[in-house]
Structure formats: structure tokens, C-alpha cells
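Shared chain: chain A. Partners: chain B in the first complex, chain C in the second.
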Partner chain A sequence: MSISTDMPMRVAEITQVADRVKRFRLERRDGGTLPYFSGGAHVVVTMRDAGGLRRNAYSLMSAPHESSAYAISVLHVEKSRGGSQFMHEQVDLGTELTVSQPVNLFPVDQRGRRHLFLAGGIGITPFMAMLEQLERGGQDFELHYAIRGRSHGAYWRELQGKFGGRVNVYCDAEKVFIPVAKLLDDQPLGTHLYVCGPTGMIDATLTMARHAGWPQQNLHFERFLGPPAGNAFRVILQRSGMDVAVEGRQSILEAVEAAGVDAPFLCRGGACGQCATAVLGLDGALEHNDHYLSDAEKVSNSKLMICVSRFKGRALVLDL
Partner chain B sequence: MTIAFREETFRDDFTFRNSGAGVLRFPFPFHEDRYTYTVNLEPHTAGAAGTAYEHLIDIDEHYLAEMQDRALVLAEDSLRCQALPHMISAQWDALELLMEQQALGYPELFTLTKHGDRWRWINRPMGIDQTFTFGDVSTLPYEPMEYIARQAQGDLCIVDQRDGSLWMDAGIVTSQADWSLDFDIGMNFMEWHASVPLAHEAGVFDRALKFLLNLQQGKPVRRLNWAMTINPRLDTSPENYPKWGPDRTTVTPMNVGEKVYLRVELQSLWRLPRSNAILFVIRCYPINMADIATVPQWARRVRLVLASLPQQIIHYKCLVRFRQTTIDWLAQFDDGAPG
Partner chain C sequence: MRTPAIKSRPVYAGLQVNPHARRTLFALQGEGAKALFEQVERAGREFLTRSEVLFLAGNSVQHLAGLQQLAPHLVRQAPNLDSLLQRLRDDLAIAKMGTSLQVAGTEGFIGQVLQVAMDSHIDAASICTEHRGSLARRVQCVHCKQFTDGVTHSPFACSGCGLGLLVRDHYSRRLGAFQGVNVDAEAPGTAPSLEELYP
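Moving on, here comes the complex of A and B:
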């Protein structure tokens, strides 16, 4: 049995905060209050357009103790599969959206004596809520925020205004970069590192941190992995007795939802494991795009994370 | 609806009793005529009136007596309530959840009023009217978890979520089935469950942990657990074993009905919003065999479950001394009709 706790909401404010970034303020349609959340949480926004149902996960960037509205930021991606394009081009003041309860897969480690944040571009959004939370709790933190140019980076002025010298901004256009190695080398014991941004930045930072002797438990990261596009194919849903077409710009999860089948999910980004689905039959090759399954699980062809992974071949049968 | 709170004890003279209505709202835990160990988690949604599930946080006729018993346990042993420093935000989450749920379910007993961070809490049965600042520990007589646990039935455990596991980092535990918070504090989910027989082999804890790590805000779940004790003693802790362990040798065919208690734990599990921790509310419902026998299907089923227990479970649940005596006594209520 699944109980829907999704919230009917309305767009109350749209702000163009940088060249390709819009901030959306979302309020409940019934004027009620929203659940509190913890910094790093995301919500899944359900959009309805001519193409059907669309669901995207966005980090909450408003203060976690603010219950009158949520704020999310959306980067307009050129080769978008449609979600960010829809939010930028179709959504207006008053547009009605459905928003899930907050889910946190990127929480602050409350034991940290000090919290070091490295953000690249739109990766700043979860940190905005985390910093508010830490500030309210009187906890020690420092942010290093890399942006392409002063007009690209969302929020750098706002953050410097609020948190002063604890916010350091680095601008590619000015040839100033985050001195990652020096930062990692110069932290007291008990510091936790959080990194969010492009894959290259995350991988490089984690590698450097491990070489610098950081414990694995003190390293936290969130990858913004949207479902990649690919070829169109069909899947057979054994339990539902359905044969569903998955379009090139659609994920399996989206196609399954569009067909009216209720599949579990939380992150829609290949990280949480909630949508792991048993593969009952396969004639072809699975394309695993997630960060959840182990390499051994991936080659075993027994499970598929249907939010991001795809398939090439003649037949795929799933336990749905 | 008003609740007639009973004056009773859970120690010494053991005057605890369930009323007739109290028996009927007992959360009977067995769904089959034999023992099975399963994850048995289900959505914690409000149930029918007159059951223990009517409100998500249940208050019953034993409320005041249980709160007195908890105060006695805490006065003797302050280590029954512990919270590691990083759990303070989760403590406030727990206080808010319990105040809101108790006020929602029992408006005639409890009232919570909020003006920003300035809150007023009224607990009429206990004669409490407290104004405090949410987030400011100095405005309450205890830390938030202890403050609300002294006014809420059931033990509380708050587990932190990190590094792919859950950690027993805070709790207030005074009515437990032979486990110790002081011993378990700081352990992770696999560590504190390590002594449970059979279930690990069945993969129960791997599945349960995976499920709980993805537990969502607004979608609490519950499960039932059970144990048996002699006398209606809430505090069957390892710390006090010398006080209650020997009771198990006192069961005779003549006193089974009054002395042998089935105690059911209704565990509700809640994702907490500000801290991302999970609150376990472990509510204990004791019922003796005489009251079980007032419902013939219950008597039959308890007997069959006890008779089908694997040896490891008989030892783990410490039933060796009185299990057969109880089975034999329950047999007289079996009308032969299948449950």
C-alpha cells in the first residue's frame, strides 16, 4: 500500500538569479504550512504538460526552519530532457505543481566539529539550506564556491552578505580557482567535507581528500545526475502484464509512471536504491547509469535502477 | 471521550490491571497459529476507534501510573536517559512530534500553542502548564527528550542516520524487555540487533535497515514485537535483573493466569524533519493470561505460538522456566474451533 503525502503547491514567485538560473518560491495551495526539513534535502516536483507526467528532484535551498514556502533553483540545461526547460519556459506565477515531502540523502553529519563546503555552479543549492541550519545552531562552517562568471553564479552576493568572510567566491572568468589541496591540508580533526558540483570537481576533490588522509566517513558528496537520454526501447512489466514503450528522452521510471504503474522512488538520480527493480528476463545489454549498485551487481544483470539506467537489445522483462 | 486513569503500580504490590475495555483494545500480535519472525513493518496510519491504533500516539488508562513508574526508574538510575551531544536537534524534533500528536489525538487532555518559537504546553492530567522557547534548553526543566518522555507513554529511542546505518545515539528507556540503553548507546543497527537469533540468517535485518534508511517524512511505519514477563513489571532491565529474574521461578499452575504476562511492544518509527534522525516510540502493552483467556481465539493462538517456538527463541526470550506451564494452563480454554 502506498500513501500519497505529496503536497499541492503553487508558484508564488519566480526570480531570474543568474544568466540561466531561476529561483522558484513554492507555497501550498491551501495556504497551510510546510514540513520542516534538514539541510541537504530535496523534493520531487511533479509537472504536468502536454507530454504527460514529468518528475524532477530539486534541492531545497530555503531555510529549513521556514515553513511558509520552499525555494528551489533550476538551471536551464541546453540539452535538457525537458524538466528544466519546462520549469524555465512553461512555469509562470500561479502554476500549480505537486511537490513531495522532503527527502534527505545528503545530510550534514551532526557530529562534525567543523563543516567545509565546496560548491561548483548550481551545486550551491543544497548548501544554502545547510548553511542556514548550521548558522542557527551556532556551528562552525566555511564555504568555497566556484562560479563561471560573476553573472553566472547564483547567490554569491546573497551568501557573502549573510555569512561574510565564511563565504569565499572563486570566478573562472577571473582565473581564480578553489585552492582545494591547500584547504584539505589545513583542517582540524573532526572536519567534515561536503562537495557538490560537476562530476569532475567531485571526483577530483574526493581523490585529493583520500590522498590527504581524510577518513571516508568525513567525505560527503551529491551528484546531480539526471536520467541520461538514449535510444527508445520497450520493457515488459511482468506483474502488471504490460508492454511499455520508453522514449529516448524518457527514463524507464517515467515511462512506467506514464503507463499508470506505481513504482517506488526517492531520489530519481541513481543514488538511493529505492527503485531497484529485479530483471526477470533479458535479451540484450543493460546500461547501468547509477551510483548505487556494486560492480558485481551490475554485471550480474539481476537488478536495474529504473530512474537512470537504460537498455539496448531485443527484450527486457522487469518485476513490476 | 474522557479516560478514567487507573491508580496502580508496576512494582512491589503490582496493582496494575487492564479494565474490560482495556483488554478489548489490546494490540494482539499473532496473525498465525505458529511462530514466525518477519520484518512485519506496515504504514502507521490511524485505525478504528476503541483500538490502540485510534491515534498515532496512544494514551490509555495507564498513563498516569506509567509516568509515575518512569519517574521512579529515573530517580534510581539517571543512565536510563542518555543523548549524545549531536542529537539535540533530534530531541527537539521528538518533543514537537509527541506534543503535536498528543494534542491532536486528545485535545481535552493536552494543548499546544505556538507563537513563533515561544510555545505553551498544557498537560491537564499531570497538571502541567509550561511556556518555553523552542530550541532553548534553558527554558525547560529537562532536556527536550526527557521533558516530553516524562509525559508520554512508551520508551523513546532516537537513531541518527549516517554512513549507511542507523546509530542508537539518544534514548529514554524505562520499560524495556531486557535490554539496556546504557549498554547499546552509540551502537549501530546491526550491532544492537546482533544478539537476536535466526533473523540474521533470514536476512531480516538487512532488509529492515534498507527499508528504514529510506523511511520518509510524513509516512511513519509500525511493527509489533512481543515478550513475556512475570508480573506486570515495566522495568525489566538488565540493570535490575536481580529484582525480577527470580520471579520466573514462581510460576505454578495455580497462578499462571494472574502472574504470566504477554507484553506487546507497538513500535512506531518516524522520520524526524529537522535532524533527519528516526524516532522509535516503543509502547508497551502488558496483559496477563487470565485476560487473554477472556477471548478464546487469543488463548488458543497464544498456546499454539508458544508451542511452536524454536529452541533458540525460547532461550532468547527467556521463557524456559514457565513456557510449558503456560501452555498447559491455556489448553483448558481451547474450544477446538480454529482461530
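Moving on, here comes the complex of A and C:
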């Protein structure tokens, strides 16, 4: 049972903000106000087209205290599984979408003395809401934002205009990179670090921070892990009494939803643990692609995060 | 009179030097010095040149020489708890990320050091703590709010209002103290006899 928090919304504005990035302004269809949220929150957008049902998570980038509309940004991914392609090619002004209420798995730690943000590319989106929130609270922050080129980076001009010298932009094309080691060495005690961007950037930053003696409590990150593609397979849903086909480009969660079975989820990216599903029968090998289960849990073959993980073999029976 | 253990009862996992720390601050009280001696045996001496020790000797003055023999970057002996806490507050105010805080001593000492650390925006979960020495507790009277240090018996007479207080395992991290509740509020004169629980 997932909590039904869906809100009927309409696309009120589309802006091409960079080469491959569009910003969507979403308003309620009934003209009502939206819940306030906290910086770092995301919503899940439900998309329906000929390909079936698809749900993608997007960070809210509008100000958390703005309740008349939400804003999200979508990067057009070259090898898209369909979500970003749908948003870029099939969504127009006035398109009606179903959007979940906000969920925050990447909040600001309010106990911090200072907040240091490292963004790579489209990873800037959760930080835009966080910076608005911190600015309103008069809190100390600094952003370091790496972009491929001046025309790729979506929001550097807007952010520099708003927050001035606290926003530092680094451009790959100009061969200028974030001086991560130097930044880590010179922060007052009580600083929290937030990193969002490509996996390589997140991993390298976290490793450097641990080596600079930062405790894990001060390190925060968000990976936007899309469900990886793989071979097609079938799963048996014991409680529903169904046998469901999972296509190569589909996740188990998506296939189960398309079959009309309601499964719990929050992040759809292997991070939150909400969709953990008990494995009742297994003849084959599980492919764990999540960041949630411990290594011991993964080898125990007792549960599976159905939003990103897959399976190879003859039979998989799930408690759904 | 013993009360059942509850979730807020602090757990002290023990000192654990982080080899990556740029600087390690040790706040040690009395027998807590031994926790550092054991760390040196386990982890070697490498971290000592980047370490500073704040020491409140209490009845364990004999450990001061041992601490000085370790030859850390600095050993500072504090004349009393307030002066140690003030020194720590000043150190943390100018400290950088990469500084690790390690605390060992009685529960009352650990609790008050953690209060200073949390005021300095450090997440308590990133601080290593080790309980050494007496089991005596620092207790706050829930009625008059007075703190009593070094409580070894339960029930005991509150140092503020004189009520007979039952010492609970209910612990306030914000106050760094256990909670003491009047033991015979509903039927005065029926208090159980006192027992030494925290020698």
C-alpha cells in the first residue's frame, strides 16, 4: 500500500534554460495552493503514454515557501529510458500530469554552523531550494557549481545574481575545476557538506572528505540513480497471484504498477528503502543495484529493492 | 531502588582514534586517562603529535605524568570542570573540520562535554565517548530543576528542594543529566530504603 498523495496538476510554463535542460512550472488544476516543503525535497511525476505507465522523481527547485506552483528541471538524457524524453517531447503548456506530494530524503542539517554545497550539472536542482531556505533563515552557506560549458549550466547566472560571491562557478570547457581538497581543509568545525551530481563526482568527494577527517554525519549526498536496464524476466507476485513480465527497459516496480498492483515507494532511485520487498522464492541470481541494503542483506537474498534491482535466472517469487 | 532500562540511557561505544583526523582533542577526566593509554597501545603513537589533551584530574592526579610522557602536541591540566569546559568552548570555536573530539570519564563529565560540543554545532554521533571511573550520576530534579552531581544512591535527597528522588535511567542529552522524580509523591513516607547503585 503506497500512501495516496497524488495531486492533479497542469504545466503552466516551460522554459528552455540550457542546451538540454527544460524547466517546468506546475500548478494545481483546481487552482489551489500546494504544500510547503523543505529544501532538498522531490516529487514523483506520473507519466502515461503509449509505452504505459512511468514514474520519475524530480527535485523541487522552487523556493520552499512558494505555494502557488512548483518548479522542476529535466535534463534530456541521451540514452533515456523514456522519462526525460517524455518530459521533453510530449509535455506541452497545459499538459495535465499527476504529481505526488513532496518527500525529502536530502534535507539540510539545521544544526550546522555552515553549509557547503558541491553541485555537478543538473545536480544543482535540490540546492536551489536549499539555498532559498538558508538565505531566508540568515544561515551561512557557499555553493560550488561545476558545469560543462556556459551554455550547458542551467542556473549559474540566476544564482550568481541572487547570492553573489557565495556562488562559485567552474566550467569544464575553461578547464577550471572545483578545488575540493582545498575547500575541505579550510571549513570551520560544524560545517556540513552536500554533494549532488554524477556518480564519479559524488564518490570522489566523499572519499576525499573521509580522508580529510570529516565524520560521516556531516556528509550528505543524493544520487539520481535511474533504474538500470537489463534482460527481460518474469516475477511471480505471491499475494496478488500474478505472473508479471518485466521488460529490459522497465524496473520491477514499473512492471508491477503497470499490472495494477500497488507497491510502496518514495525515491524510485534505490536510496530510501521504502520499496524493500521480501523474496519468497528464488532460482537464479538477484542483481542488487541499490544503495540501501547492507552487503550482508544483499547476499542473504531475503529482500530486494524493486525500484532499481533486477534478476537473472529461472524463477523469482516476491511478497506482493 | 532500580528502575528498568529505557531507550534514552546513553551508550558509550569507546574511544576510537580516526587516523584521518587532522587534529584530535581529548577531554579526559580522572580514570578517563586510561582510555587514552589503551588507545595508544591499540592504535600506535602516530596520532599523538596532532593531539591535544584537556585533563581534569580529580582524585587521579597520578595519571598526569603518564599523559605528559605520551608527549602529545599539548597537555593542559584544568583546575576544575568549568575551566575545562571554557577551554574546550574556546578551542572548538576556532577549530576546523577534520578535528575529532574524544571524551572519557564519568557520565556526568561526558554529558557536560557533549553539551559544549553540541552548542559548537558538532553532531554528538560523531564524538567518541568512553565511560571510565565512578558510576555516579549527575541528576536533575524534575520538580525544582536543581542539578546534583555525583549521585551514588537511589533514592537520594535533592540538593535543591530536599525531596526524596528516585534516579531514573531517563536521560536528557540537552541537559547532560539523568532525571530524578519524587519517589513517594502520592503517599509521603512510603519511600523504599536507599540503596547504593552507582558506586
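In this section, the second predicted complex is superposed on the first by the 317 of 320 C-alpha atoms of A that agree within 3 Å, B and C clash if a C-alpha of one lies under 4 Å from a C-alpha of the other, contacts with A are read in each partner's own complex, and residues count from 1 in each chain.
As a convention for this text, contacts are C-beta pairs under 8 Å (C-beta built on N, C-alpha and C of every residue); 3 or more make two chains touch, one makes a residue touch a chain.
Note that this is a predicted model, so its numbers are computed, not measured.
Asker: Do chain B and chain C fit side by side on chain A after the overlay, or clash?
Answerer: After superposition on chain A, chain B vs chain C: clash.
Asker: By the touch definition at the top of the document, which applies to A:83: first (chain B), second (chain C), both, or neither?
Answerer: Touch status of A:83: no partner.
Asker: Check whether A:210 is in contact with chain B, with chain C, with both or with neither, and answer first, second, both or neither.
Answerer: second
Asker: In the overlaid three-chain picture, which partner chain does A:36 touch, first (chain B) or second (chain C), both, or neither?
Answerer: Touch partner of A:36: chain B, not chain C.
Asker: On the A-aligned overlay, A:227 touches which partner chain: chain B = first, chain C = second, or both, or neither?
Answerer: So A:227 meets neither chain B nor chain C here.
Asker: First (chain B), second (chain C), both or neither: which does A:120 touch?
Answerer: Touch partners of A:120: none, neither chain B nor chain C.
Asker: After the superposition on A, what does A:269 contact: first (chain B), second (chain C), both or neither?
Answerer: Neither partner.
Asker: By the touch definition at the top of the document, which applies to A:197: first (chain B), second (chain C), both, or neither?
Answerer: The answer is neither, since A:197 touches no partner chain.
Asker: Using the superposition on chain A described above, determine whether A:186 touches chain B (first), chain C (second), both, or neither.
Answerer: In the superposition, A:186 contacts chain C only.
Asker: Examine A:111 and indicate which partner it touches, taking first as chain B and second as chain C; both and neither are also allowed.
Answerer: In the superposition, A:111 touches chain B and chain C alike.
Asker: Residues on chain A in contact with chain B in one complex and with chain C in the other?
Answerer: In chain A, residues 109, 111, 217 are touched by chain B and also by chain C.
Asker: Note which residues of chain B are touching chain A in the complex, please.
Answerer: 43, 45, 86-87, 89, 135, 160-163, 210, 214, 216-219, 273-276
Asker: For the complex, which residues does chain A have touching chain C?
Answerer: 109, 111-113, 184-191, 210-218
Asker: Under the touch definition given earlier, write down the residues of chain C that touch chain A in their complex.
Answerer: My answer: residues 18, 20-23, 92, 95-100, 118, 120-123, 125-126.
Asker: Which of the residues in chain A come into contact with chain B in the complex?
Answerer: Spelled out, the residues of chain A in touch with chain B are 1, 3, 5, 35-38, 41, 64-65, 101-104, 107, 109-111, 133, 136-137, 217, 266, 272-274.
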